[in-house]
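Here's a structure for you.
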Amino acid sequence: MSQPTATLLISCPDSPGLVAKIANFIYANGGNIIHAEQHTDFATSLFLIRIEWQLQGFNLPREAINTAFSAIAKPLQATWQLHFSDTLPKIAIWVTKQEHCLLDLLWRNQTKELPGIISVMISNHSNLEAIARQFGIDFYHLPITKENKAEQEAKQLELLHFHEIDLVILAKYMQILSPKLVEEFPNIINIHHSFLPAFPGAKPYHRAHARGVKIIGATAHYVTEDLDEGPIIEQEVARVNHQDTIADLIRKGRDLERLVLSRAVRLHLQHKVLVYDNKTVVFS
Amino acid sequence: MSQPTATLLISCPDSPGLVAKIANFIYANGGNIIHAEQHTDFATSLFLIRIEWQLQGFNLPREAINTAFSAIAKPLQATWQLHFSDTLPKIAIWVTKQEHCLLDLLWRNQTKELPGIISVMISNHSNLEAIARQFGIDFYHLPITKENKAEQEAKQLELLHFHEIDLVILAKYMQILSPKLVEEFPNIINIHHSFLPAFPGAKPYHRAHARGVKIIGATAHYVTEDLDEGPIIEQEVARVNHQDTIADLIRKGRDLERLVLSRAVRLHLQHKVLVYDNKTVVFS
Amino acid sequence: MSQPTATLLISCPDSPGLVAKIANFIYANGGNIIHAEQHTDFATSLFLIRIEWQLQGFNLPREAINTAFSAIAKPLQATWQLHFSDTLPKIAIWVTKQEHCLLDLLWRNQTKELPGIISVMISNHSNLEAIARQFGIDFYHLPITKENKAEQEAKQLELLHFHEIDLVILAKYMQILSPKLVEEFPNIINIHHSFLPAFPGAKPYHRAHARGVKIIGATAHYVTEDLDEGPIIEQEVARVNHQDTIADLIRKGRDLERLVLSRAVRLHLQHKVLVYDNKTVVFS
Amino acid sequence: MSQPTATLLISCPDSPGLVAKIANFIYANGGNIIHAEQHTDFATSLFLIRIEWQLQGFNLPREAINTAFSAIAKPLQATWQLHFSDTLPKIAIWVTKQEHCLLDLLWRNQTKELPGIISVMISNHSNLEAIARQFGIDFYHLPITKENKAEQEAKQLELLHFHEIDLVILAKYMQILSPKLVEEFPNIINIHHSFLPAFPGAKPYHRAHARGVKIIGATAHYVTEDLDEGPIIEQEVARVNHQDTIADLIRKGRDLERLVLSRAVRLHLQHKVLVYDNKTVVFS
């Protein structure tokens, strides 16, 4: 499907007629729905839906859709996002010293697996600058110390705004973000080097090895104020055994981290993830 | 969700307004949709949807729904199935000598994992009759030889009709069904002791062992005239290695077969499977 | 391999010549090794080996092997276990109300997947007694209250000794064992209804659901004084998504628990598990 | 374990005393075994073993080991390979146009996951030459036509000999090798874009999509004269569903191919794979 599409991600209190009302809005304006999937959370009586339709033949101009849809959405007390498949989001990747997730994201972006424009790299170290240069990406070296953290985060936010960044990917960025930063820029995906909530905190592979686990994992999640407690987007696991050293666990973990982070970013960029109640609905 | 629901499984040529028309039908009659998922096959321009709504508050009596919906469906050239969650289908399990799939289905049925009424067992051997008796199921011993096959299949069909069977599960039934039988009773799920299409035919585990594969699998599919070529519902795999003997492969295969068959049957009984073009859409 | 074999599970401080010395012992007595696998834990300089040989043609009578081997083992400061494949261990299964793990163990024992004699069932409830009777197993109903716990555990220990039990399987036995009981009878395998160490403690599926995890798991481990912290034998996971209710998680969890517990028990009964440092080496 | 080790991969007819004789050889010369694992194929009465020991303290000079060991091996009719962990094999990667496997191998080689020296790239196209240059690898562009195939293969063999290549990795090299080439250079690992033996031949993803499979896979194997029928080293699978287009299958297939090929190459480079009877024993 290389023709442009529009996608609505909607959530509202459950009531009869929601699918009909939303589908009618698109049909009445000449749109052909190519993907519709809904979920009802009965515990909270919340209705969530992803609906995608072809823009070709749609009678409303793009800039008029939000206003037109609000006439439907307001009475339903709905919140919604509207996305166009040919509007590529601008992405900043934040790294520290490790390159495996970074390289994977860059390669997948080049092969069009990840539809977005990676325009900025920010790191608290400088060793990955050559990769940024090779891929033609602006690189900012912002070392973090206890003393300068607030100041550097202000610069980070400034860069995000200056470059009109839509999404930050923490690709093994080993600094904790302050609540203030997360509040001001909430669109951040992180990869956690462990199978959350197992072994949260430092040195998870060392602890998994000491515990003699038979399976390790990785978790990609949105960043919230509560460290490692944000909505989970994707997880994956791998088998390990007594022959695996800590170095082997770290090696297998790199593969998990690469896969899980790129899957989560792809789902986000395809507008398939809806967050509610510190959880995600992944329409896929 | 223990309240009764109705489910429509619909397929028709793709055109704008399908979701709206179908959702409107349910909304106009006071129904609250709790699950809606659609799929468009662009290669064949086919639209497929599963839509489930609560019967409580629905204004149409159950027996009137088909007629009422046909007014919508006819102009769309749609074919559809209508199911009610509290109408339990009647199931016949066909076996030969192996019990692992049978026992798993019976146990899952008892624990309400498989919503249906297992009322009949048919076997070409008699060794599993005691299990039928233990679970209070009618058991029919119909041995098959080259000479009596047509005659016995006629009896099988008679039994299916007499007991008003909706679904036949081949739980390691080691006889090939004639095209005639499949034509007259098309609702049959089979478990194939291999990862189709790898190693079709006889002794797949022996051949997988000789080949030194590192993964084995099992496949559950609807039965069609083409042996082992019917629409695939579910598949699963397991790792093996050089230490696994043929007996180990068969043992691991039993676990795969149990899991895959019960998952496929559950999906079918929840009306989540739509067949088209010798393939399935599994809404889950 | 249906001919009887002997298996030595040995651990000792690492030093040169260990494999040679142990293999020479078997060779010198006319034994043919059919499985040998060793592991060295370099962090603790510990050598661990599993060695299995055919008893046919072995010159030492069974009852003389331990004494003869001690001449080799003593200078190496080795600890070891000696097992014969045709000496079936006696097993007690402890349950509460849930039957899924119990039925799976019984069925696998019948099909010879689990080489042992299940001779006793102990439960703090009585609802599974009929199953015990059906399989010809002695059933003891020992209800547990705060007041009678010490007394009932004394009876449990008495039963284990009276029936000469070698292994206790906690197949969803929902009572915590006292440290005293574990100390007196250390051969206990438990299935934990969660992917340890994620969500330890009560209601793991409810907590996993609230957290919105994408993967759930189960863990089989030896029981130690530290609740749920004993050496892990086996783990397995399954994918879940936002459509899965808590009931679905529990249902998928049952399949995980059945599989993981039976795999762990099989590994134990084949003498493939060696415990050290609160971890396991699984030779397989 | 960064200290240098020696590894023997041995196969011979089964007989009593093999482990003892081999372990004695190492012990008698002062070696400390750090890994020993054996496998007996009872169907063919073949004994196979991998044994690895520390070279530090070993009394025999490296160049004398083969001769010394042949005194043990000859009477046993054994064939064996001797490898040293610090002797890095020289690797040639053959590609066509696709880069995903190539980049993965190069990156893993840089991070020391794949212990070898990638010194040559050969391609029948020129589009990946820039990558070779970036990594400082000699690149040879040898286009293949029906007419020049024999001639180009002669050049390929010449290059392998000139660069003293130990291992060829076909990283999506889309040309069939002639039996002559395989005979003259038998150390070749290939990645097959399918889960062998399912969908052998052309366009496997298109055929898997048409078949509606729920799982796809990839297979890494040694190359033999029989196309795609060589000994399997490693396999992996991924779930797909009706929403996955052919492009999605190809995308998911790329991840499988990258993972499976790199795992197989790593196992080979660690001397953990022994081939016999068109199968592999993978000691891991």
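Residue numbering begins at 1 within each chain, and the chains themselves are lettered A, B, C and D in the order written.
Here, contacts are C-beta pairs under 8 Å (C-beta built on N, C-alpha and C of every residue); 3 or more make two chains touch, one makes a residue touch a chain.
Quantities reported herein were computed from a predicted structural model and do not represent experimental measurements.
Visitor: Can you give me the shortest step count from chain A to chain C, moving only between touching chains?
Guide: 1
Visitor: Specify, for the interface formed by the sequence copies chain A and chain D, whether it is same or different in terms of residue numbers shared by both sides, with half as the dividing line.
Guide: same
Visitor: Sort the other chains by how far their Cα centres are from that of chain B and give me the top one.
Guide: Result for the farthest chain: D.
Visitor: Where the CA atoms of chain A average out and where those of chain B average out, how many Å apart are those spots?
Guide: Centres of chain A and chain B (C-alpha means) sit 37 Å apart.
Visitor: Distance-wise, how many Å sit between the C-alpha centres of chain B and chain D, to the nearest whole number?
Guide: 42
Visitor: Show the residues in chain B shared as contacts by 2 or more other chains, in ascending order.
Guide: Where chain B meets two or more other chains at a single residue, that happens at 243.
Visitor: Spell out the part of chain C that touches chain D in their complex, as residue ranges.
Guide: 1, 14-21, 23-24, 26-28, 30-38, 40, 42, 57
Visitor: In the complex formed with chain C, which residues of chain B make contact?
Guide: These residues of chain B touch chain C: 100, 103, 107, 111, 113, 243, 251, 255, 259, 284.
Visitor: Spell out the part of chain A that touches chain C in their complex, as residue ranges.
Guide: 39, 41, 195-199, 210-215, 217, 231-237, 241-243, 278-282
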